[in-house]
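Next up: the structures, one after another.
Paired with chain B in one complex and with chain C in the other, chain A is shared by the two complexes that follow.
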Partner chain A sequence: MTILYAILIAPFADFEFMRRALAGTFALAFGSAPIGVFLMLRRMSLIGDAMAHAILPGAAIGFLLSGLSVFAMAGGGLIAGFIVAVGAGVIARTTELKEDASLAAFFLVSLALGVTIVSVGGTNIDLLHFLFGTVLALDNQTLLLIVSITTMSLFALALIWRPLVLESVDPNFLRSVSRAGGPAHIAFMTLVVMNLVGGFHALGTLLAVGNMMLPAVVARFWARDITMMIVIAVATAAVSGYAGLLVSYYSAIPSGPAVILVAGVLYAMSVVFGPVGGVIWHAFPGKHLEA
Partner chain B sequence: MLTRRQAVFAMTAATLLIGSPPAMAQTRLKVVASFSILADLVKNVGGDKIEVSALVGPNGDAHVFSPSPADAKTVAAAKVMVVNGLGLEGWMTRLVQASGSKAPMVVATTGIKPRNMEEDGKQQIDPHAWQSIANAKVYVANIRDGLSKADPPNADAYAANAAAYLVRLDALEGEVKAAIARIPADHRKIITTHDAFGYFGAAYGMAFISPEGVSTDSEPSAKEVARIITQIKVQKIPAVFMENISDPRLMQQISRETGAKIGGTLYSDALSDQKGPAASYIEMMHNNIRQLSIALMS
Partner chain C sequence: MDARPRLQFHNLTLGYERHPAVHHLDGSIADGALVAVVGPNGAGKSTLFKGIVGVLKPLAGRIERSGVDPRDIAYLPQIAEIDRSFPISVYDMVAMGLWRAKGLFGGIGDRERNTVETALAAVGLTGFEGRAIGTLSGGQMQRMLFARLLLQDARVIVLDEPFNAIDAKTCSDLLMLVQRWHSEQRTVLAALHDIDFVRANFPETLLLAREPVAWGRTSEVLTAENLLKARRMCEAFDDQAEACVVAA
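Showing the complex of A and B:
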């Protein structure tokens, strides 16, 4: 028992930064893993990486207005990310263009704009590097930010749950019975941007994007039902966070990559053993019931 | 339309215009020092009789300097060379040979008893002798003798300048010792990634402890952070000066968890530019002792 305690609990009991990191990853798990599930179902799994670039012009304008202030830069990034996400969503709904293509167009233009603003401003500081945090350095303010974003996300998801689920699986049906699809979509994109930008600021891009998408992909192999999928995704994100921090504590692998690598191992295992479309279940599908 | 010949002519003319050197007074002795701190000492001894330039300028790193053709030209024009020695300027011999310079070379650390330092697990001679003011006085004497030998008519001026500067260095050493004395004895230790303060620590009774197992300036692992925190707690270190941990929030977390203060910028191997806090040797020592005092007095 004492050995188990020393290995599994003691690092968190001894070091405050480990407790803070754990709290941060858990909060992130509850907020962004459900969003990751919806993103996956809507085939928007790569939006996180696009968003990491799309926020540059906002961060740059924030920097020009008030110098190296994390608050101004994160605020600017949030606005830029919001414009890109909602703009792409609106164009995808009103034109023939698919959402991923319109998002690609928006984020590339945004990135170019950001690089231009940075060079006009005459700085060679890597603004994004400055803006992106690390999980080992969560102060009270940053923790509070993640937790409030998570809380808002959960309430908002509960509110738009039905139209969002319908829209994700059968948008045409939803359009025929209700007009809630559009507002739900915009609200959802807002949540995506909030979670991503908050996550970048607190934990860095890799951890924010990785712990949003990988648990969702893992969950896809274990459940067909969307509610179960979300439960599994949240659990996967939390377990990866805990195990990843321990790996980083014992092996000297940087913490962000360690957490994502643990999630990656879970993903590999799910690909092989997952009961919903995993490799083994595909090869040996079992008997079909016959009449 | 511009022809190619015209274009070449225009460019040549422009180059000549930009590149033509301003007319210079012939009487000044041209001295080249290897790095900025040395150049400042040379300037104080030579005064207006010499014209000194540093190969490695302010904020530059003399350890990893790679000379350019322009530097070889500077060296070739020098009448006196001043180097630190003790293995600091590994590139100097080759540069001097390549430039064909016949100028006499003054080794400023001549007569100083070198300390050893550990680098990558091996014992090496520590070249950062100037961090002790007693050694800096030896530097000044060596520079004075070297300049006088190369330029005998001005020997009296060099002797007078050096004497005046030595008085200032004595005063500086008194200030440093007084400042250290004001810090409680059990507070005279910091963790730092700088490895240049061996002579300073030995001369003035200050422990500069290097953090264990911190190898990178990329994203740190939980293991490294935990190790630093444990070390600070166990050794009861009151302040950390670690500039190569790039994320300021991480420094704050370490500081919050251990109660150790975060120190400011220490200058060790190079001066700052003219606007900076360490534009000369004396200002550099003032800056460092001020930063140490701020962090350790509590």
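Showing the complex of A and C:
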């Protein structure tokens, strides 16, 4: 018992930075994972990736203007995210380019621009922080920001739940009974950007989306119902956060990548063992039923 | 047509990116009418229905709905437009028919649960409540969507290809619901392809080929001559089309 305590709990009991990191990853789990489930179900899995890179130049400009201030970087990230989301949407509607293609163009330029700005204005260490985050160095302000984003995100999701679900299943029916579809979609994209900005501080611009999409994809292998899917996604994200921090504590693996790698292991296990479409259930479905 | 009009089309043009799919439609649908909308693929049937329920704004002209909010018109979209892989249960999908009554937050209480159960029983889907919609057959899927229509309890009901690719039993079951709506004086429009089926069951027909070919009593509309004309009129979408002279 004491050994288990020493291995599994003591690192968090003994070190404040571990507790902060755990609180941060748990908060991110509650905010990001449900968003990831909707992104996946709306066949927008890669949009999250694009948006995550798109916030980089904004955060970088915030960093140039006021150093490592959480709110300047978060504000810059939000603004850049919205510009890219709206810009890609406008270009897709006014030109022949499809939305995914215009997003790809936007986020590639954003990523290059962001890396350039950070490199010119800061050090290589700063750049590493931007790309992979600093989950072990979450200060009060950053934690507050992440928790606020999660809280807002959960309330907003409850608010737009019905139109968001119906717009995904049967968009024409929704449009025939309500005008909530458009506003719900915009609110949802806002939530995507907000959660990526939150995740950016902990996991960096390259990995923030990992805590959003991997748990969602894992959940797809275990549940047939969206509510259950979201519960599983949140649990997966929280477990990945906890286990990833432990792994990084006992090894030389940096904590951000460790969190995402644990999620990756859970994903691989789900692909093999998941009861909803997993490999084993496909290969050995058992005897067919009576009806 | 003695009854007062429920829907009136005034020089209505509907379409996509300026290309008309329904061109200069004039006419009216009486309250309580049971109308089949017939025409080849691409004739504008779905487009007309999307216009009626307010999903699509007219390019020109207008639709008068005699005071009915377009959102209070019940609409059966084509099955192909529904994402059947989405993880939602039959019960939740049917309960969406209560949207106008319940909105974003209205609770589903015992009374609503009863109406959902009753609707599911009426379409023969009792016991399917917890099933994911992806596990339904084509016919069961259509039955589920009819249950949702029942919950909408609308005065005007618009059905886009309700009887496509379903077996005879499902077809006759669902037709009975349509006839029940007709006997309750509700106005029903349905886009259909089976000419003999229309002749047998629908008193009034609009034959559409982007422009109305004929409209009135089914026996007078569905003549060999009119059907041939409809097929000829349904030309392809033309990228080089010039601006419409009538509209100018």
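As a working rule, the second predicted complex is superposed on the first by the 218 of 291 C-alpha atoms of A that agree within 3 Å, B and C clash if a C-alpha of one lies under 4 Å from a C-alpha of the other, contacts with A are read in each partner's own complex, and residues count from 1 in each chain.
As a working rule, a residue touches a chain if its C-beta (ideal position, glycine included) is under 8 Å from a C-beta of that chain, and two chains touch if they have at least 3 such contacts.
Note that this is a predicted model, so its numbers are computed, not measured.
Legend: residue contacts after superposition of the two complexes on their common chain; A:S251 is shown touching chain B, with no touch to chain C.
In the superposition on chain A, A:G278 makes contact with neither chain B nor chain C. By the touch criterion defined above, A:G264 lies against neither chain B nor chain C after alignment on the C-alpha atoms of chain A. Judged by the touch definition given at the top, the superposed model places A:F15 against chain B, while chain C stays out of reach. Of the two partner chains placed around the shared chain by superposition, chain C is the only one that A:V169 touches, whereas chain B remains out of contact. By the touch criterion defined above, A:G87 lies against neither chain B nor chain C after alignment on the C-alpha atoms of chain A. Once chain A of one complex is fitted onto chain A of the other, the partner contacts of A:A180 are limited to chain C, with no touch recorded for chain B.
When the two complexes are laid over each other on chain A, chain A has no residue in contact with both chain B and chain C. Across the interface of their complex, chain B is touched by residues 11, 14-18, 20-21, 133-134, 136-139, 142, 204, 245, 248-258 of chain A. On chain B, the positions that touch chain A within their shared complex are 213, 218-226, 229, 247, 249-250, 252-254, 256-257.
Across the complex, chain A is touched by residues 50, 53-55, 70-71, 73, 75, 77, 81-83, 86-89, 92-93, 96, 99-100, 103-104, 132-133, 148, 152 of chain C. Remark: chain A residues 41, 159-160, 162-163, 165-166, 168-173, 175-180, 223-226, 229 touch chain C in the complex.
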